[in-house]
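Note that the chains take the letters A, B and C in the order they are written out, and that residue 1 is the start of every chain.
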Amino acid sequence: MKRYLLRKILIYLLTFFIAVTIDWMIPRFMPGDPIRNMLTRVSVSSNATAIQQMYDYYSHLFGLDLPLWQQYLNFWKSLFQGDLGISTYLFPTPVIDVIKRAVPYDIFLLLPAILLSWYAGNKFGAVAARSKRLDNTITPLSYILNATPYMWLGILLSWFFGIILGIFPIAGAYSYSLQPSFSWKFIGSVLHHWFLPFLSLFMVEFGGQAIGMRNMIIYELEADYSHYLGTLGAPQKLIRNYAFRNAILPQVTGLALKLGTIVAGALVTEVVFSYPGIGYLLLAAIQNQDYFLIQGCFLFIIVGVLIANFAIDIIYVLIDPRTRRGMTGETS
Amino acid sequence: MSLQIENLSVYYQTLKGDVHALEDITLDVKLGEIMGLAGESGCGKTTLCQSLIYLNPPMKYMTGRVMLNGNELPIWDAEKMNQHRFRDISIIPQYAMNALNPIRKIGPMIRDLLTSKKVDYKDRLPELKHRLDVVNLPHDVLGMYPFELSGGMKQRMVMVLSTLLDPTLLIADEITSALDVASQKAVSELLVKFLDEGCCKSAIFITHDISILYQIANTITVMYAGYLAEKASTETIIHSPRHPYTKLLIASLPKIGVKYSEKHLKGIPGHPPLLLNPPIGCRFRDRCPLAFEKCTEVPPFVEIEKDHFIACWREGSHA
Amino acid sequence: MKNLRIHNEILYFALRNKKVQIGLIIILFFVLLALIGPTLTMYQPFEYANPLGPQAPSSKFWMGTTFFGQDVFSQFVNGLRATFIVGLLGGGIGTLLGIVIGFTAGYYGGIVDEILNALTNIVLVIPTMAVLLIIAAYLDVRSVFTECILIGLTSWPWTARAVRAQTFSLRTRDFVDLAKLSGMKSFKIIFSEIAPNMMSYLLLVFILQFGGAILTAATLDFIGLGPTNAISLGLMMQYSVLWGALPFGMWWWFVPPGLAITAIVGALYCTNVGLDEVFNPKLREM
């Protein structure tokens, strides 16, 4: 168990290291001049010397005037000091502050969507594996949901419930007429705005989870131990119960592998609903070529996904006796 | 009489049509008998035993009946069979190493199974522990997960579990094929011990290795391509077989004291027929050195001497 | 000869499988639309064809016009082309990389495997989208082609993982040993002995990669990092949301692109499930 976790931690540290290196490398080694790009976008001034001054300022900020290894070390140093640069789009707010404001919305959106879709998907997938009739309805529906691009489902939901029926707001995290406070009115407004983006994330993910669980259970029901129980005349209930418990384990690891896709789904869902999380921020950053902000978002997404992965690993170790009882290596 | 099979036919359903895996099997196993069931792979040995205990799709029941202790077994009815499985008829499967739920401790798993059979685990526990002693497993295994046991331990665990309710008939499906020679002998002797201790009242021992049967079986039944070829006492099958297929099978066995550099081991030329569209008549016809016109009809499985059955036109009363 | 017969048999069962039929018909429909569509309209995707601006579908503009009066049908069929190119090329590159890396790791084992496996795990954990967007953000000019390469370069890990596991199990089979004993070269063994045994499996993998690439591209396009010089279904959705198609109820602008993606990816999944039944006789007999 210790070895298993140590191995995982090592992989995550290595991944983090590589991610940061990519984050540092991309603006420096990609073709084109990001600072020049940025300035032509943001500067209203056509004064050449003013632009040159700004260029020098930002070059210095990037540290582009230093030798590469020095730049790299400085990058790490400022990273640990929580300094991710200054947003040009929301000048002069530091990137870290901009992101800090957005992150709670992401957690608020993603955590319930992931947990509930995982739970419901597994339940329904297990049911689908049990009965032919339900299999013929739940499974095709799950495949269609899983094939739906996140943003399109978001668009459809917001069009139908927001525009046609007019019962849900289609933009923002709470009503613009309210100030954030701990009143029932405000909390109600937050939930009201939260529901549609949550629902569209939930639905796509539900499809994927249900398919995964259905296929895993069918696989487990064909396994030798299920067959043996059958030959000993064990009731279907017991056999299914064992199959479900075995199938849930790969569903936990499967969730870790899907996190990236879910996060990407959240990004575009936020864009559809103008929900002020990282995704919405990112769109603005891209449109305004705010490179510091893009890089900051990148790092935050990576760190978030790594932390979530690690949490799932720990859960997995706790629920699988094979890893819990000190077996090393992978269980694939 | 422990087991009586009459005219049992079982097919496999596939998209391309029915595979005639078992045809018109009539067979008895007496109380206290260990019957060896031999034949090439794909001859229907395992299908025969599977259909006695767990006839599930794509297997399809066609005709025949199976009596155990004088009562008919509803082998075509998966639900009704449940009350007979484990209690009256049980199996040590080929895949014994993977037969236990990997994420449940063995003791609780047995408890789940017994509870579902309305048997009290605590009542049975002393006997369970006694049998663990018989197969030389520590009592601690009940608190362990299957992955904490070695392959051989898992197999012995399955032997204990399968016979825990003292079935009338125990089927041992290729339980020695994955083992080395020393363990083969130990495992097959355990089976005899189980019978002596009353853990089961009769047994069918499936194998393609006749030399093991020589050590433990009372009788040997030889199958070929879905049909029974010959059944007799072990002595008779080994020393004076009558069916041409049995003769070739016995002749292909290595014999002690014979130098094989001089005399090559002879296989049987040719292949068994495909059972999707089986040939008419005796299925051994194409490979049989003695085949003649009569062999285009299916030979009946008849008793030519006391307790010696054979299906061949060349032999016995037909000749 | 024997091989040929087996292939024919599989083809026979594949074409008789309902799921494969449905899937292929849907895909074929969209492929034809992508091929023929652009010749049926006289407008370019970005041309301001309708001076009246946004209009619902009519006989003149079959799928209506956008906020700017661009022909939605023209954008749609050209976007379909981009979608298929991304699927084919992006999914293809991803599959190929996955196969090569997975094969190498699984076949050689040892230190090669350790390194490649660590690499696979790392790329697997990094959210693909994050890497794609940071690279795409710094590219001034992006084409559908660059998009394909980027997607291919980041989507291989799970394929590599699966192929590695498969190779591992195949490597230990008798026929590979036999080939080794008879002195065949490593890569020759891979291609002549292992690959044919995995062909059916690789086809399934490619189909899933195809669908995955289409969805990834749609996400990338929607967040504003799509091709800068072409139209795509994801870009159509982005424009429609940015230019108020929702509040103005211009459903003809955002319904077709999403519907097409869902239908194509859904049809791919459907084909995949059907083919799985064909290749896996255990499932077929049920």
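Everything that follows uses one rule, which is that a residue touches a chain if its C-beta (ideal position, glycine included) is under 8 Å from a C-beta of that chain, and two chains touch if they have at least 3 such contacts.
Note that the structure is a prediction, hence the values are computed from the model and not measured.
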Highest-count interface - the chain pair sharing the most C-beta contacts: A-C
From chain B, the most remote chain by mean C-alpha position: A
Middle chain, criterion being Cα centroid separation: C
CA centroid of chain A to CA centroid of chain C, Å: 22
CA centroid of chain A to CA centroid of chain B, Å: 55
Approximate Å spacing (C-alpha centroids) for the pair chain B, chain C: 50
In the complex with chain A, residue positions of chain C that touch it: 118, 121-122, 124-131, 133-135, 137-140, 158, 165, 211, 215-216, 218-219, 222-225, 234, 237, 240-241, 246-247, 249, 251, 254-255, 257-259, 261-263, 265-266, 268-270, 273, 282
Partner chain C, residues of chain A touching it in the complex: 11-12, 14-15, 18-19, 22-23, 26-27, 30-32, 34, 37, 143-144, 146-153, 155-156, 158-159, 162-164, 170, 222, 257, 259-261, 263-265, 267-268, 271-272, 279, 282-283, 286-287, 289, 291, 294-295, 297-298, 301-302, 305-306, 309, 332
Residues of chain A defined as touching chain B within the complex: 223-225, 227-235, 237-238, 242, 245-246, 249, 320-322, 325, 327
In the complex, chain B residues that touch chain A: 53-54, 56, 81-87, 90-91, 93, 95, 98-105, 112-113, 116-117, 145, 147-148, 158, 161-162
